[in-house]
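See the structures that follow.
Both complexes below contain subunit A, partnered by subunit B and then by subunit C.
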Partner chain A sequence: MPHFTVLYFASAKDASKTDSDKFEWVEGITSQDLSQLLLDRHPALATVLKTSMFAVNMEYMDQDQAWTVQPGDEIAIIPPVSGG
Partner chain B sequence: MSHSTQTTHKDIVKITADTISLDEIAQSVHDPKAGAISTFSGTTRDNFEDREVKTLSYEAYIPMAEKAMQSLITTARSKWDDLIHVAIVHKIGDCPVGETSVVIAVSSGHRKQGLEAVHWLIDELKVQVPIWKKEVYVGHDAQTGAEIDGGAVWKANDTMI
Partner chain C sequence: MNTSNSTHSSAKSDSSTSVEPLEQRVRRLEQEKVALEQQIEALRLEQALWNRSTLAADLPKEAPLDPLPKVEKLSNLEIARYGRQLILPNFGIQGQMDLRNCAMLVVGAGGLGASCALYLGGAGVGRLGIVDHDTVDISNLHRQIIHNESRQGMPKAESAAISVRMLNPLCQVIVHNLVLDSSNAQPIINAYDIVIDATDNAATRYLLNDACVLGGKPLVSGSALRFDGQLTTYNYRGGPCYRCLFPTPPPAETVTNCSDGGVLGVVPGTIGCLQALEAIKIATRMNEHDPPTMTLFSANSSTMFRTIKLRKRKPDCIVCGDSPTIDKLIDYVQFCGSSATDKTPDLFLIPFQERLTCKAYKSIYDRRTPHVLLDVREKVQFDICSLPSSINIPLKNLPEHIDEIKDQLGPQQDRPVYVVCRRGNDSQPAVKILQEYGITRGEIKDIVGGLEKWSDQIDPDFPKY
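Moving on, here comes the complex of A and B:
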């Protein structure tokens, strides 16, 4: 079965209590479906997801556009950054 | 336009758990053709809104952060054509108060473009690069004044993309 990976950092890692998960990939998972999948697995992510962005294969995704998950994708939850 | 010799432009991008040294990084962008080396060095503060910070630590999505830093350098080179070498180094892991957390160093033919590029690079880094800072606070027991756990917060920079 194809999979995709989700990475958690900072407050997302604290909420999920893990730094990564593997999910089974099926055709047509949208960005909205993904948020629901994440909440089903880690209800504590609800607050973090409201202020986070997604990066897919190390590229930020436009929050105003729908996109679909591809097999093998590495998807990161990016809470507000604070480097510097 | 022709040049008598070709200068190789170095892009240095690093995320490291080691202590970072402004001197070493400035040295790494030295070039005989440079009339200026412009630098920014960020250090960790001991307070936030009157709360005493005990320790700070940084976490990064390392491959994406390095890629984003490289991409900032590429964009900076398209905006300022006088840049010679560019270095961006960010620390991760524990960063005691007062220690350097980030250094940007740019060599350029003349100072103007180098200074502008450094300013732009640190502003963009703080908005775009996936690095996070956690502040751990000192608390004080209300009765005894003894030091107790004061909690910890993941910080957010002022602006998001």
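Moving on, here comes the complex of A and C:
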């Protein structure tokens, strides 16, 4: 079965309690579906996802435009970090 | 020195040939004089460490309205100091001149600003402004290595400026000992060429972003928490601004500061170094055609660095887009719903009269009244210090562990439960949870001010962290 990987950074890592997950890939997973998949697995991600940036294979993805997940994709969830 | 010999030879030669070596000697001595004067200045600076007020009074305090005077050549002292940079291909004399003629503003003299300001000062930036409103505390020093133990209580902006001047007296350092907000940010930012965001809170990050977009300044932004860091240059050569990537500020309750979340000192230090590097690259136009990126640093991951390729600015961005709706600075504390510092605010969830003061708990403890003392801090904090006979269940795990408390409530299930945490914030929602479960017939109260207050008021030997 093809998969795709999700990497969690900063507060997304805290909320999901892991730094990465593997998901089974099926045809036609959109960016919206992806958010739902993530919430199903980690309900604690709810607030984090709303303010996070997404990157696919190390490239920024605009959340205002729909995109679909491809097999083997590495998707990064990047919330802003404020501390210093 | 053989005076008689030189007098003899000069008397013999004609005047045109004897003047030249003497002039050369005068020039050499002049240079030596300048070098000695600088040594004296450096020694004075060092001595002044023991006389803080003198040194602090010496530092320029206001954003100078006059632009940084440009120089067209480096002095011999500068050439000697920056020699290792000057011989770098693709940097050379032009790169050094660009730095010398550049004014940079470091906002925040904390964990990020510490390494950043030192490297920028050392590298030979002509003018370096340092903004901070806070004072040096002992708990800063594991990461804010620009300060030192003898400067506790000193304004951080002044302490940082002293360190930069001691490293490189040729760098003009400007102290801005203030809270940057919408009323004062724009003129300060406009007085500099490059701005470095080394702050510790969301409100100031949005403020800096908007002020840099409005003032047309590149913003080198860094952040760090626990083992993670981020680095991005915003508003530079058509790249995005902070709002393009993060249009919505994170809810205040989800933002963790270094004081509550912890931070390994070298993590902000690393990001601060990278910020200095990016600022130097912008000043010297190195790699200026590279696409915008965000660098993610994960200190405890096998892949420590990842670079995310960003897009251009968003045409619909409300500040840097094609039809911006923000044309002047707004109220960022209100916009973010959180304060412009990284201090943890006091929570008031439960009326004061329904809570327990440290003194009241002390007398309960001394009278040996049977009770349960529940400490809701994370285990890693509980391991540092705890009150005798307290049980530890972190707030976030409380609902799953209610039964463990019930076991301690005595045969009548009527012992009072007292909740304690670090500062008296987390203890309040914990009380609410315990009340919802109705776990005891006795009272449920929390201790105002938590263990920090306990250390202040009851037991000075109890550690604070």
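Heads up, the rule we're going with is that the second predicted complex is superposed on the first by the 80 of 84 C-alpha atoms of A that agree within 3 Å, B and C clash if a C-alpha of one lies under 4 Å from a C-alpha of the other, contacts with A are read in each partner's own complex, and residues count from 1 in each chain.
In this text, contacts are C-beta pairs under 8 Å (C-beta built on N, C-alpha and C of every residue); 3 or more make two chains touch, one makes a residue touch a chain.
Note that the structure is predicted; figures quoted are calculated from it, not measured.
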Which superposed partner A:47 touches (first subunit B, second subunit C, both, neither): second
Dominant contact partner of subunit A by residue count, subunit C or subunit B: C
On subunit A, the residue positions that both subunit B and subunit C contact, one per complex: 9-11, 13-14, 51, 53, 55, 58, 60, 76, 78-84
Interfacial residue positions of subunit C with respect to subunit A in the complex: 108, 110-113, 198-202, 205, 222-225, 228-230, 245-246, 248-251, 254-258, 261, 263, 268, 271, 294, 296, 298, 301, 306-311, 314, 316, 342
List of subunit B residues in touch with subunit A within their complex: 42, 58-61, 63-65, 67, 90, 101-102, 122, 125-134, 154-157, 160-161
Residue ranges of subunit A in contact with subunit C within the complex: 9-11, 13-14, 19, 47-48, 50-51, 53, 55, 58-60, 62, 64, 76, 78-84
Complex contacts: residues of subunit A adjacent to subunit B: 7, 9-11, 13-14, 51, 53, 55, 58, 60, 76, 78-84
